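So the structure is just underneath, and the comments pick up after that.
To keep things simple, chains are lettered A, B and C as they appear, and every chain counts its residues starting from 1.
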Amino acid sequence: MEWLQQLVNGISIGSIYALIALGYTMVYGIIKLINFAHGDVFMIGAFIGFWAISRWDIGFLPALLLAMVICAVLGVIIERVAYKRLRNSTRIAALITAIGVSLLIENLMIFFRGAQSAVYPATIENKAINVFGAQISSLSLLILGVSIFLMLLLQFIVHKTKIGKAMRAVSHDAEAAKLMGINVDNTISATFAIGSALAGAAGVIFGLYYTRIDPLMGIVPGIKAFIAAVLGGIGSIPGAMVGGMLLGVVETFVSAMGFSSWRDAAAFLILIIILIFKPSGLFGKNTREKV
Amino acid sequence: MKKSKAFWAYVAIAIIVYAVVQFSMSSGMIGSYYSNMLIIMCVNVMLAVSLHLIIGITGQFSIGHAGFMAVGAYMSAIVTMKFDLPFIVAIVAAGCVALLAGLLIGIPTLRLRGDYLAIATLGFAEIIRIVILNVDYVGGAAGMTVSRQTTWTYAFFAMLITIIVIANYTKSRHGRACIAIREDEIAADAMGINTTYYKVVAFAIGAFFAGVAGAIFSHQLFFIQPTSFGFLKSFDILIYVVLGGLGSLSGSVLAAVLLTIVSTYLAEFPETRMIIYSLVLILVMLYRPTGLLGTKEITDFFKFGKKGGKNV
Amino acid sequence: MTNLLLNVAHLGIQFGGLKAVQNVDIQLYDGELIGLIGPNGAGKTTTFNMLTGVYAPTEGTITFQGKTLNGLDPYKVTQSGISRTFQNIRLFKELTVLENVEVANHSLATHGIFASILRLPSFFTGEKKMEQQSLAFLKIFGLDVYKDELAKNLPYGMQRRLEIARALAANPKLLLLDEPAAGMNPQETHELMELIAFIRKEFNLTILLIEHDMSLVMGICERIYVLDHGQLIANGTPEEIRQNPKVIEAYLGEEVVD
């Protein structure tokens, strides 16, 4: 039952990608920006969780909540300070600014605390549980549980609340939403807050699972999560979830087959294949330029 | 014929600069620290100018330029270290193989637009890096030792040729076709320009010179490894082009020169360097998104007096 | 009757489930000046986009000088002799007025990439030829004095003229003009119409033009096609169109036909 074990591992890591991918996809859906700094918000989340658990001695759940809140605030600050002015500028300018913000966060972190990695404290006991003959770690199940809970919560927010309705309206047509009396600025900030909170949660979970964190840890999962978002169809929330899980599973199986050093290449290959053959992703809609 | 006079004047200035530096180096006035900086400066200028053709002129947002540099660096190292062939052969081989890589990557991806193209090029550059990482023949993650064969003469003339080729290309019907694509791809297409062809050509020429830059770079450094060509390097090159002004050749040269000096002085403090870089990048995008020179060239500022007074 | 230049048969396109244009038949003969009119959203620009290869039609055929154009890329359509202007001006803003025209003149010269990089003699003769030809086009449109200005700095009316000059430089047999007089005052419109009549004669062109301004279309077009809701509802001389009850109905409440 080796494969079942790998499948669960894949879905667990995939659910971390999915949590990060949600932020990418929501932000892209609303302001058409690839927020390169998103992976660094994830990194900050991991460190907040680390400090909360190891220094201030609070439990896993309060640490998770704290990381989510601080990341939400950070996300809103980034949006207000750096991205807000760029709404009417070229896509290239916006993308370059996002790269700049990403580099800034990483290097400020290194500047203030050094580049060395930290080891996450083991707050939660990791047991192997026997399911149909497969050894599945309780940690994987916890990760999966937390991620699924957060995704359901997000679905609820987007579809059943007023702010969710506003978010959908703005991403559909910001001008029209404004004319209908929706505060576009606040809606965009809320999107950043929610996306960043999810990334923060992903950071804490990641730390718990992989135990090692460092200031550059956000780059690779950040890009992977973006790939997941593209795979699912950028702008689509269910797409980001499915894309994340799928990517996690593919990666885990590539590693399990003995090609672990090619794992990242597999992810990029998926990205390129999707971009070339179906740029709208699994769940995305086709768009065409108006002539 | 006035234009070609100006051209020869610039070439003459370039030769004088070359000779002065060469003399200072051989007489020991410029030590190894600064001569190293000057050679790296030439490499960075080549990278900047070759990416300028892709992003600034043709408007194709590629952020994986370090991938082509890696191809050139490793190809040239194989030619000199494994086959014991002369350095000049290695330089040409590096450019040609990088050009092939450019075609291979450009043909499928260049129909993508904007952000999607950016991400695809980033992905390809990472794939190149991971492939090198997994090939034991070139040392894998441990890297590869390369003998130092780069001299100021090689570096300078490679840079000069890069600039002349790209400047000449830009100021021809082919270059105009590329700018037309940058300005409005649909209109360019409607005017009979084969847009895919010109995007691929720009990509291939850019890749060729990035490969040559990689060859000069690897034979200056003694040692190369895949981590030197990650996306941080790609971002570095991107920063030259953007800060200099998208569409300005002299702008990207100027930015590459200035930033090489800055990063040489800050080599001991890489975080500080990156903090300054990223802050400058953000501030420029927020307050002067066209970069230092916009689409203007330095030479445009000298012509100002002659042209003025013709407002519409 | 002269030669059939363009034959459009049962042309149609579907976006998703929506039939934007269907069953359009258009015949253009050598040297004609034909109008294509219809209310907003009738599918005029979509029809243009199909004729020029921007959209691939889902039904029907486009035959130009005996050659089928369906599915060709826009640049190939242009090279085979159809060029166009755009409703929302699409100039190359950061290029000069002269360079805008030179881009369309691209195929006039034959010097290759290596000749350009090495500055071989063929480069100089080729570029010289392009410049002279382009200047000649600019002169016709009274734009030669602005040749070194950036296109974005031209006043609006001049930009519209430059678009036509540029389309002409692509050496078409058939010129498609998408609302060439949009946003112009009556004086400018009048001058433009005279200019269109002039270039038609001078370059032996066939012209198909979309126009909103009724009086203008009625004034200069020999025949008119009327589109409404993606379908052709009428086709005939201005006099016939003026009296066609279907056309009057389509325009009712929008514009009085006088």
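Worth a mention:
Keep this in mind: a contact is a pair of C-beta atoms (placed from the backbone, for glycine too) under 8 Å apart; a residue touches a chain by one contact, two chains touch by 3 or more.
Computed from a predicted structure; not experimentally measured.
Chains that touch both chain A and chain C are the following: B. Ranked by how close its mean Cα position lies to the mean of all protein Cα atoms, the top chain is B. Centre to centre, using the average C-alpha position, chain A and chain C are separated by 48 Å.
Chain centres here are Cα means. That of chain A falls 33 Å from that of chain B. Centroids built from CA atoms put chain C at 40 Å from chain B. Each of the following residues of chain C touches two or more other chains: 54, 86. Residues of chain B in contact with two or more other chains: 186.
Multi-chain contact residues, meaning those touching two or more other chains, occur in chain A at positions 291. Contact residues of chain B toward chain C in the complex are 4, 165, 168-169, 172-177, 179-180, 182-184, 186-195, 201, 247, 295, 307, 310, 312. Remark: chain C residues 52, 54, 73-75, 78-79, 83-84, 86, 90-95, 99, 102-107, 109, 111, 113, 116-119, 123, 126-127, 130, 146, 148-149, 153-155, 158, 166-167, 169-170 touch chain B in the complex.
Taken in their complex, chain B has these residues touching chain A: 55, 61, 63, 108-109, 112, 114-116, 118-120, 122-124, 126-127, 130-131, 133-134, 186, 235, 238, 242, 246, 271-272, 274-275, 277-279, 281-282, 285-286, 289.
Touching chain B in their complex are the following residues of chain A: 32, 34, 82, 85-86, 89-97, 99-104, 106-108, 110-111, 115, 223, 226-227, 230, 261-262, 264-265, 268-269, 271-272, 275-276, 279, 289, 291.
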